[in-house]
């Protein structure tokens, strides 16, 4: 009984350091499992069965150029810090200017350019991340991907920087080599409707066997009130190869473009809205809105109705071409206008809002939710909807699957809450398996490992309380880690 | 320490089967209790004190004809599957057509008619229910009510069907015999305002001692915008024995009908609304709405105001006749129009919506909530209101009691969340005890057993953390299982 | 393993009583810690490091007159029951008339005047508080502050009354003596904008070393639609020493008054609104609303816009004078008009409402949330916003800190939920440490002790699951108990 407690307490005792002043960095074998010995023992047994399964990544934001070019990664700061809004927003929230973290300004005003100084600043604030998934992920990356064996701190920052920088030089750290070492079975990227998919073409034609596929994300051409809409439409017309003069032509062009994405390997589309409102418009109403947009006169209210209609159109096209439709509502983007004006979008200031699904999705689900050809994967940033709206909807409509705990909720407690609130009504088989949803390529194994540990531990809690037995738990663990995501995203068919 | 863990892991080893190919079906003695040994030991001790208490069922949907006629139950599929929307909605959500499950169509289009094939289909999808209360309830029914000792699966489906079918022939499986074996002290049904209560009369006059009472549910005559309203009013006029020409006459007729229900044993009324809005209208406004309804011209907005007013009227009548008023808001009924059109209502497509109580109930609670003659039992499908609105309201208003975790939340995790969110503000004595709320007669013991186990375990968690001691926990366990429901529903007086 | 379980179960065995008929009152050394032995051991170790730290109380409602006059407390009922709405609302919710509890009526209608009979009534209903923080706090007060060693009950009520009453006579129970014994480092009161702060002046001039500071709360002069607004403005004009004829003069007067509060030691302001709506008005719009208020013609809609604007003005003044701005939205005050009419405000009928932060606070946060001179402490009664809105906002804006679990949520489960929902996104360093927020002076140590135990136990859960290690947990425990509150409320500078 006392052994684990002694281990834990002992971990605070100073230990022999491998690199100068630092404490040893250890990833505990049983991390994220319950301290209760019975549950922990079962969790370990279940995790053993899933830890080695290939990683399936049907939704994420890795740049395909990375794997097309297969160039060495730059130094540690550019790789791990600058692109990670989880990291720099936390330092910003504690008063560190974004300029000091090397975040580029829109107008080119100079910012900190020395990656070692940025890395040092970050390491000195590492304590801010105690108890957060960012810390769990990064400790995993440092230890498992880069072989670091010393805890990050102000004292160890430069030595660790050197260690990573050195590794990044070697061929084993090229993107494709890591892709293989990470045991990634499939990686989907997210691509604008007007994307040429040239990097995807390069990958396919390279002879490399890694499976990297695009995802069709037409948001930019559907937001008719955005100041950028007309440019987005123009770009779309260019890849389409013809002008698009009315709503019917626009929908046809979208269908054609979806077919191109599908031919390039896509199995899914992705759609982000603030509110998941769906409603059918008559053809002439939809066209009137499209014309208003072309004239630069569409209002936010127009956009709301147009997007509501276009979600139905996208669902209809999915019943025809079989692409899985992903819907991500509820993020209020770029809440901090001051930061957005100076640094641009995606700077850690996207804030969730309460989201209504039951009434908003009725038009779409009634119309297409009973269709066996259709699959919709639904996400939320509003956990109050898990048990209240999402699980009852997914526990009824054949087309609906619930995406995993998303973004702010992709964490030990967040994923546990998701399972506890969803399963009793929807079961696990109406959920879509795990998505890492990341642009941080090197964090992919860490995210899957955390998810597999949390699910193993959650299942172990059910077994330990005799809600299910091990005969149930084993296939459930495998389903959550591997089978469900393949089935949901229709990945079994081709390879 | 290691014994329970070994038990659990061992349960996946193949074991001697009693009936052909199946694994043994075992209900673990400590199921649903924490794996932590101290808490588990206390939970067991508390559960031992409540497991044998009679079952009090003040709110449910069992057909009174069942106990009036006391005929043998039909075969297993008609008894256990066809009427249970928890079961068929889950199979439907995974693509099994409702036709294949024998759900009758409204237009008489033929559906699967072979109960054994339906049972087989269900058994082959039994894994979908892993981790759901439906599985816990049905395993309990199979084991405890029907003596099944083999796990349900595709392989064992027919043998188990035979076993149940055989038992249903015997007199011990007639409804009244089961009622007695289940140790049901009282069973309330739910009955339309225009119901003749003939089955209740038959039961009362039969000499059988089982206590079965009606509940007055006037929803159909209050929904003035529903296309069925005029038929509902006509049926109500027939039982009333006179035409009802204005609002005053309508309220008088309702009062008379409540008195009839009360004379037939009722102690409560029941009211379902989407939104728990309450507001007093002037008499002439209420009458104008009633006249508009009679003319077939009432709008949804009219109905909203009328229902808001009639909830106040129902509360007023409760202060006079003492009937306990139950309010169940927040279900958006028949969300899937396609299924509703083909199969009718109550097909597993009722989806909760976010619900506001603080502002909506103010008119009613201010006016009647301080009246010692009045008791209101309030339910919710929106768990975010437990700690935010419901516990503060129940912790203040003398008339208010919170109903148990309802519908989707009547589960291990759901009931635990309810206790954790409600108790710290409202205590347990402002809650109404357990309701099984079921139309599945044979599931009644399973539901009470689950509730008693969850409450025992929750209390054990408080004892183990020294929040309360065993002197507190024992009467609390009894209150939650038995005393509170009797007091809330005024069942102590008569028998 | 079995020892703790035996202890717990044994606690229900009758034990030798110290004072007549009662059971012994024991505060278990490990109360509120997990029953799981590893976690409990770690929790105990962490709690040992914080239990003795001084109490910092930056937000509360103790009357400064108490410490200015330092008179003996009255008898137990007037000290512990009459002012505590947590207590009398619970008895009221179970049908005990407020008159019987000695709550004074507004019109002077006589109420129960015998404190011993009130105390007896309370003791006989003590079981209602099982599982509530009120019981945990009061048991702590009885045991630790008053040395009571017998459980409260109807049988022991009078003996315990005598025991407390006797202690209250002695000099050790004078307010200042208790302040020192409680180890209070700082106590902030809450004071109307028009308060003369004479009691604060008395304390400062008395030579006593206890640090008691005011907090500037201008709500009464900002609620322009309240019937009491013109009286509040008149009182404010009197302390200001000049008439206030327009909006510009009003804002100047507020700035002047803030400076006075600051000179008297204040480091913060406090603002209560129903909805945290913020929006800038043009100067002439704001002045028009002020003039409408002066004419007695301001509507609730006017007040909504005016308060939204004045929150921005208060933030602006904070950037200038450095006072920390506290915002407490979401309480619907005096929900029960009948009780309010008879007994006045603050009678346990304030009920939370769902609260929106993301959109409502954007204007304020965009404008001032990036300013290093500004600190805003934000509270909520709507737990669904913890993970959805508040943690993402606090994890981005430099000015924002989240106040602790507030009011109904200041409890074992409530504080645990807060940590679990906030930390993974915002970390702990964007939270503001503990506030006791109490007017019950003798409950201050109980509240801090509960908070320190809950935080130690939560951290222990992270350590036991290897999310953090003891090197992380120790400074985190200290930060939560002591460092964060001092830093947030800018208490380090002066003393």
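The letters A, B and C name the chains in turn, as written, and every chain counts its residues from 1.
To be clear about the criterion, a residue touches a chain if its C-beta (ideal position, glycine included) is under 8 Å from a C-beta of that chain, and two chains touch if they have at least 3 such contacts.
These numbers were taken from a predicted model, which means no experiment stands behind them.
> Once you've mapped the touching chain pairs, tell me: line, ring, star, complete or other?
Graph shape, chains as nodes and touching pairs as edges: complete.
> Have a look at where chain A meets chain B and say same if over half of the interface residue numbers show up on both copies, different if under half do.
Different, since most residue numbers here occur in only one copy.
> Go ahead and note the Å separation of the Cα centroids belonging to chain A and chain B.
About 39 Å, centre to centre.
> By residue number and range, which residues of chain B touch two or more other chains?
1, 34, 36, 354, 384
> Please name which positions on chain A make contact with chain B in the complex.
Residues 1, 36-39, 41-42, 45, 354, 356, 358-359, 362, 365-366, 369-370, 372, 384, 387-389, 391-398, 400, 420-421, 423-430, 461-476.
> Which residues of chain B touch chain A in the complex?
Going through chain B, the ones touching chain A are 1-2, 4-5, 8-9, 11-12, 23, 28, 30-36, 89-90, 92-95, 127-133, 136, 332, 335-339, 348-354, 381-384, 408-409, 411-414.
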